[in-house]
């Protein structure tokens, strides 16, 4: 019999019962649910809504239930619908009458909102730690590859030479903003719905500030209808996760490219590669393909909660039950892709020989040559045009820019002098960078130091 | 040790192994995987690529594996990655050497594409059956409610009176197109990738037409690269499901509205309602709220596969492994919401008293009054304007149109005569409809008959 | 001829040119583009990369271009591709040689990132103002409707009586978090990419802190590759907009419901309603339907940028050009729906008669009756059960709870005494609420005062 | 004054009017709207609901309006809301009274559904033509590159050698299914809503079969509520477009990769490439990046209509007005990306030298070596393992498999004999393929012939 069954004269059909139950997945919230119940019971006793004996019986019962759950000796029953009713009913089985007082001045509406907020708060803390772990791995990879120059790309065409360290720190920057978004979201999450009851609050003399404080919330939410109706915090969390997922999909793409035979820049160790059931020579960078692919489900999860909440009137609607699975999936996926990307970056080496051999192609020094002309007083746009012609000449002769003779260069424009060769070639080009945030050696060194300190490496 | 491990010198790390494994969910494909292997073995033997003894050993082994799986005596091992490798390795454990010949002229790339297509084909057949069951339930509900007039709405404002049957048949029409989309999709799915191997086909003398026929496919796919690369059929399937989900979300919304105190038109039985943990009087139409809400995840699943496939080069990429969970989730969800909507519609009654009482409000006969004027030779646009004024008058006097006196009507326009009252009132209004597809009694009767025959009711 | 055409020997085809151009929409960024160029020119001159005469010529030319654009006398040319090239080329037409120096140490990659960040910053400031305007309108509506009790809903079933003010303040709370998200996003946006050039920075002695300060940025971005590659800030912005859109879709849904004949709670004025081309009596709450519907495109825009960025390697890729139209559409849509919701809420009245008449149905006082029993020492769960039975009795007799006789109540449980009637009836029920954040009169008054002060109403 | 204004006493506010108007974009439907009105007028006259004179005046007036629109001499007025009201009001301005009869037995609800279906039908026909044009371009490209062997990839790792023709035909296959989906969708679209009026049909004696036939529809839709409520056909269309977009994004990705310096396989002509404003040497394959990127908006458009329709009750709701912009955007985008991909493929050459040089790396013949062993009677799984070891040996010696000595091979397994060299090397490997649908020369030739005939090439 359902705990809400007073006015009902028929049993719920099996199909509806199994369609409506949520305990199969919301039992994941058990820790938060128990913590919330403890805080609530203590408050009820303090406010005279429950005796101290009842409170103690409840606290003891909850401790027992927690122990049973964690030891695998708790039977979750789908006829008891959800984690809340499972706990309350089990507590009643265990301690009898006092358990029936626990739901005083409380509804599943505020209870689930409380549980989910607590769960998200914790999830964010864990994800932030994993972001930091990945940042550390990337900075470590940068430290291990000092001085390595790689082609920088735009449009996947070679653009300018950059330090590998510079590229790796770009990822670190992106992850830093990802952590920032999670932290901002955490601030907005950390308010207590508990005591909002069904939607309107209660006439019983409860103290919402007391439970809020006990559960580590900043304060109670100000409006009970809002407290049980809205899932904006959850959408925000899943949006932040989606951005992380997109960032990692980009690393995934880049590393898959770099691990290809054609690029040949990155060598994943056998420990993070997999083979083919048919082609014996294959060694595939599967983890990073999956990291890229898993962005899809995280985005799908976000889409789910947005569609879910669209057009619902206040206050609680049962649709909202569907918020949990995408939340759990998103958080678990992001946790895993962060970990796997970390592990992958700890298991790669860069193929300096292939990289070095590649630098001669693509005229990566063309922009530096334009800077040379600017230094000679030629307006940039004119410089760009002159260098364009020099590149066309180099292509037609199938040589690098630095292999054009001074005569050839001067045939394009007489401004060229012998010192142009100090700007040509990738080695020279990369040395020239000096602007803040650029790939110049000292700039990158400074940035690296910034991150080492911030991440407490060194 | 992995079956593809020949060239590898390090073991995959645990994190990567558990990240990459798919057997935890793709074991759902076991039946299709076994069927594919049987067809493949028979073909290999026929083509002289395997002895008849080996073939028989394999067929017997596969039968044994199937029996074990279905009796719960099969151990799925995540170190064996996926359903394919689990089966092959278990077969090797079971029958030894012959099993090692099964993967001749086959790759997991064509194998999984084959399994998934078979699975989808079957899933579509099941969903079509469930659509028909829901259509039958709706038609039955229509049959049970002959003659019941309800307000028809646009903009959720009362518009014109319609027969409830007419509204229910609108749902049935929508479901019919849903089934049509699934069937079209099935036709495109039903081609065999088997024998496309990794991506290029094989140099061994296999017969793809033979395996295609054995598995009930229309024909083999024409291009091996296409066969292993593309998941368009799966996206199409999930798109068709999304449209079903949207259709059902609309029924969900409508029935939730109708079950509200304010509408009061629909009474769900206690067997398909649920209560509140705090508010003793509540009886909520939860199943239809969840039906509405579950559209979100189905749309999310579609989004996942679209994002997944975006921007992947040919041929197989590991990202594609992520196609299965959204597929399974979408199909399971659609199956369930169809069933629950069927069950719900078998457990509702319409509150004729409330409905009937409601019909007097909202001037549902206004358009019929305009038709009256058109019949009198007044251009429609002018008629519309005249009736607009009559409505304004009726509102100001707080009466129905039919309660305006002829004098009052003639004060607006002298064209009104006594016979106008034959067009006023909901009863008269609903009787007037006669156009094909309209809510006119004989039109609806004809449609109902069409559906009864088509669905083999009566 | 393109400004980048030095090495090219063929003209771009018309189809590619019109496919690639972005000026038709990115001209919207002209103000930001001009501001960025001014700051850049001043810096170049300060750093000795341009003479003061050239700088002055450029600043004068830019002022002239701005004047022409704003007076409609500027010809945007799609063969000049984008806003940046249009401006630079027009400047060259206007002032000749000095214009060719403007692109020194700058690329369109950092330029567009700068323009877009400036534009977003401004857009956020505008949206926040519009959010505040809507909050004010809602609070004003609350002030105008003091004491009005309405049914509160869960599952669209009547739940408990609440003050209309309480409901309106729930919206205000949601909007407040919306503004908070936008502000957090603004903080992350407000860093300068300018001087990151193509992707690697530059070898010329520029001062990025100077341009950052001139443009009101907090600081330059730390990493040039990151600066030109990432659009996370834009996704975050569109995610924040999507949450606003969902919030407003919920108000839209609620008000469309309330404006229906069945609810009859809300009367939009004719000024914010529209009619039907065929049904003369119709008066539809179209603006709120559209507010609800427009959430779809805002979510679609978010989806677009997520899909766009998925799987792109560093650094700039041309795909990113597609970020602007969804950005513009999202911002414009959110701006409009905020305004229209504000205007709508200034043009509605609540139908006190209909609302009041409705309160008797739905047993809104059942939970208060349970609280009564709790006060009598009955455990809540038992109280819930007792009240459930009372409700069933009331339904069977088709009366309100308050109309059950004491005898009838005592037949369910002897605990009932005469004072129960002080808890029954909506008037009594609503008076009982007292918890923080509840719908109790003094709680709501306090909240209303909080908002009046915060929004500088009074 | 609005044409529906009879009962209204206030003018719509400017903000609401400009928020609600749709003529700024739905004027795109003018041709369909006029055609629908002509068919409707002819039918009304035939049914005696309008005189022949009125009909003729209307037809003449409509012809005049069409001429004005097409010559740019028609003023679209946003105070007239939408294309329908603009046309009707302009017709009234033009011909007076008869125009007022046109809206007899018609509503904007069925009118817009009719217009949109007609528009979609035409749009599909155009898109199918563009798909065929792209297929032809790809087949032509295949014909121009007979015999060219390229590496085939899985996981972006080199897998097996394939004919370029084979890869190009894979795209052609995918496009063929895309066309099939559009055609199926067209069948479901091609039913007439006209005469469904607001939602309930009409009491006037219209002939819906007549208008359906006149407009080229298969038949009238069977249910008037369904006819004005549902947009499933439009979602299906946008889903089909999304799959096309994903297909083209994959070609885009592949060609961007192939055009990179690292691959170096594909050379786009200057006519379909663009340069950099700062880096003079750059030549970017922008069109294909944009083709890839534009998949995002097409997916976003689909998402928009799904979210839009979710949870709307029957029948017409104003939200549905928002279906048009995503529809138009999706269709226009798909049209353009098909055209541009066609043009791009007509402007590329393959770098045979780079491709040929690349074939020696990646052990593309490893699977053929395994086939060799299978032919020797070694079970495939064992063969795979042996070849895996051979590959490891080749890697350790930094040679191709074909450069391993027989002795070295036999040290791994004595089964190797001299004839193994007939299977090694890419040339040998590619010759071996023979299965249906494989990359074997004769198989591909046959497929090519199939497509030449189907596409009427040669």
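The letters A, B, C and D name the chains in turn, as written, and every chain counts its residues from 1.
Everything below uses one rule, namely that a residue touches a chain if its C-beta (ideal position, glycine included) is under 8 Å from a C-beta of that chain, and two chains touch if they have at least 3 such contacts.
Keep in mind the model is a prediction, meaning the values are calculated, not measured.
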{"item": "Homomeric contact chain A-chain C: same or different residue positions, threshold half", "value": "same"}
{"item": "More contacts between chains, C-D or B-C", "value": "C-D"}
{"item": "Between chain A and chain C, centroid-to-centroid distance (C-alpha), Å", "value": "23"}
{"item": "Inter-chain centre distance, chain C versus chain D - centres from mean C-alpha coordinates, in Å", "value": "33"}
{"item": "Overlap residues in chain B, where contacts from two or more other chains coincide", "value": "3-9, 103, 109, 153-156, 159-160, 197-198, 257, 275-284, 286, 289, 292, 295-296, 299, 302-303, 306-307, 310-311, 317-318, 367, 384-388, 391"}
{"item": "Touching residues (chain side chain C, partner chain A) in the complex", "value": "3-9, 49, 88, 92, 97-105, 109, 152-156, 159-162, 166-167, 169-170, 173-174, 177-178, 180-181, 184, 188, 195-206, 208-209, 220-230, 232-233, 235-236, 239-240, 242-243, 246-247, 249-250, 252-254, 257, 292, 295-296, 299, 302-303, 306-307, 309-318, 367-368, 371, 374-375, 379-382, 384-389, 391-392, 395, 432-440, 443, 447, 450"}
{"item": "Residue numbers on chain B that touch chain A, as the complex places them", "value": "2-13, 15-16, 19-20, 84-85, 103, 106-109, 197-198, 269-284, 286-287, 289-290, 292-297, 299-308, 317-322, 325-326, 336, 339-340, 343-344, 347"}
{"item": "Chain A contact footprint on chain D (complex, rising order)", "value": "151, 153-160, 256-257, 259-264, 275-286, 289, 303, 306-307, 310-311, 358, 361-364, 366-367, 369-370, 384-388, 390-391, 401"}
